[in-house]
């Protein structure tokens, strides 16, 4: 339905999008660890690129369907702090597709090779994103968006 | 035990800390609403000032006890988006004091007078913060910190 | 011409707006000092509140005249780093009013009483802000905005 | 002298480091354009990766020489605003190497192929970065850092 307008970042493997993140000074705080709100920025970058891989760029969806996505709720577990210069990746998968919402499960972990502790998650996020129209009101998901999401719907693939 | 080193912001009324927040361009995004990670910044400012009112400035606690606070988990419900120039307040209360952790309940809402919808929450946060030593390892809460927190411990006050 | 829609922060004394800023974890980095881009956020908050004191809220100006402000250039001198929990203030004055632009001079310094080095500036900013219409094109400054700015135009006051 | 500890991002061509940047919601503001302070974040990411390509990772330099870099001054020209989903690149080159400082010239522009206006710069930055020891005092640049920087010193190459 959609084609990406610019080259997407990251890749989708078995329904999971893998997105690289580097820790820069802007991400850290005076304790020497990544500031807790900044993981949410990385998670949003990863979701954005996952949708772009699928052809559902935010700009294009907004332009073609008048719909934007907004986070309705999120839950975050901070297991191990990331630090300056860390080479990380965000894993994202779609756990649920509702009539007007998408459920994402995301994990931040060290990039393979960089991780002395194997694939241990640093931070785990569980989010519900829903569809808004230009007036900021919840609306049903456009069929064109639903169609591309279904291709990576974890629940359906496992059914 | 502690005295604030600089004048704290906000005030504590009946165990609830009230902290003013203004929405600036830096907080908003291209949809015209506050970016979802930025509420976590405001919530952290409010917790910091609540602790400062109690005399437990981050800098002083770190210097005197070697302990810093870090968020272990948070859950956020985004009910109504805030927008540019909004005049808001963050309400914070301590819901739980553990051996090495503090539970906070926080609400972002429009400042009284600014809110056409009364005291309706925009965003609700539930967080667990725990104590770290300088090496980044979890440690028990210093008695001096526990003592000042107990003065606003909601559970105890209601007991 | 304009009235502030919500209570402005800070105050104007002799043409200079004084705006309080506290340093939070979000502002600092792993070196333990304030990240260099974040002073620009504080400076923008201060300019916004200075305009609000004058009655020229961003939201209102945009709604009533269709004009927004954007930074065209800035020069920043970082003299002394600010640190966690510092109690600061941003001093802002209008140095120049052009047909479509405003020149600001801003200083970040420790709040009086907090500063062991007197009024020594930590960071100095010099900015040119210009007027954009909704299409993002430069336009002349609305007369209503020019009128309120002239009341604190440093050049004119000294003339 | 140094080897990168993790794979650097971007590449150096003829002394100029080219670093890709995508515009996400976190970068934009309610006007629909990138918030002016955020270009400084991208520029710092690019400088960090340029140094990493050269083998001078921040973490390693700090660990091996006790020296960190901090921005002493910057001047920024905002020519054309970037917008959500834009595919950009930051070009960085070292314009000057002093006894305790480095001068950088940086340009943010659209990625080749994405740019309808060719290589027109969106934002131009000119910065001086200097060396600090762990106590936050200016110190001379470690010889090992100077040696790797000299390999891309524009002035020397052109001399």
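By letter and in written order, the chains are A, B, C and D; residue numbering begins at 1 in each of them.
Criterion: contacts are C-beta pairs under 8 Å (C-beta built on N, C-alpha and C of every residue); 3 or more make two chains touch, one makes a residue touch a chain.
Because the structure is predicted, anything quoted here is derived from the model rather than measured.
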item: Furthest chain, CA centroid comparison against subunit B; value: D
item: Pair exhibiting more inter-chain C-beta contacts, B-D or C-D; value: C-D
item: Where subunit B and subunit D are represented by their mean Cα positions, the distance between them in whole Å; value: 35
item: Distance from subunit D to subunit C - Cα centre to Cα centre, in angstrom; value: 26
item: Subunit A: positions in contact with at least two other chains; value: 25-26, 31-33, 37, 41, 44, 84
item: Touching residues (chain side subunit C, partner subunit D) in the complex; value: 31-33, 36-38, 40-41, 44, 68, 70-78, 81, 132, 136
item: In the complex, subunit B residues that touch subunit D; value: 25-26, 28-33, 35, 37, 83-84
item: Residue ranges of subunit B touching subunit C (in the complex, touch as defined); value: 5-7, 9, 22, 24-26, 41, 44-45, 48-49, 57-59, 84-85, 87, 111, 114
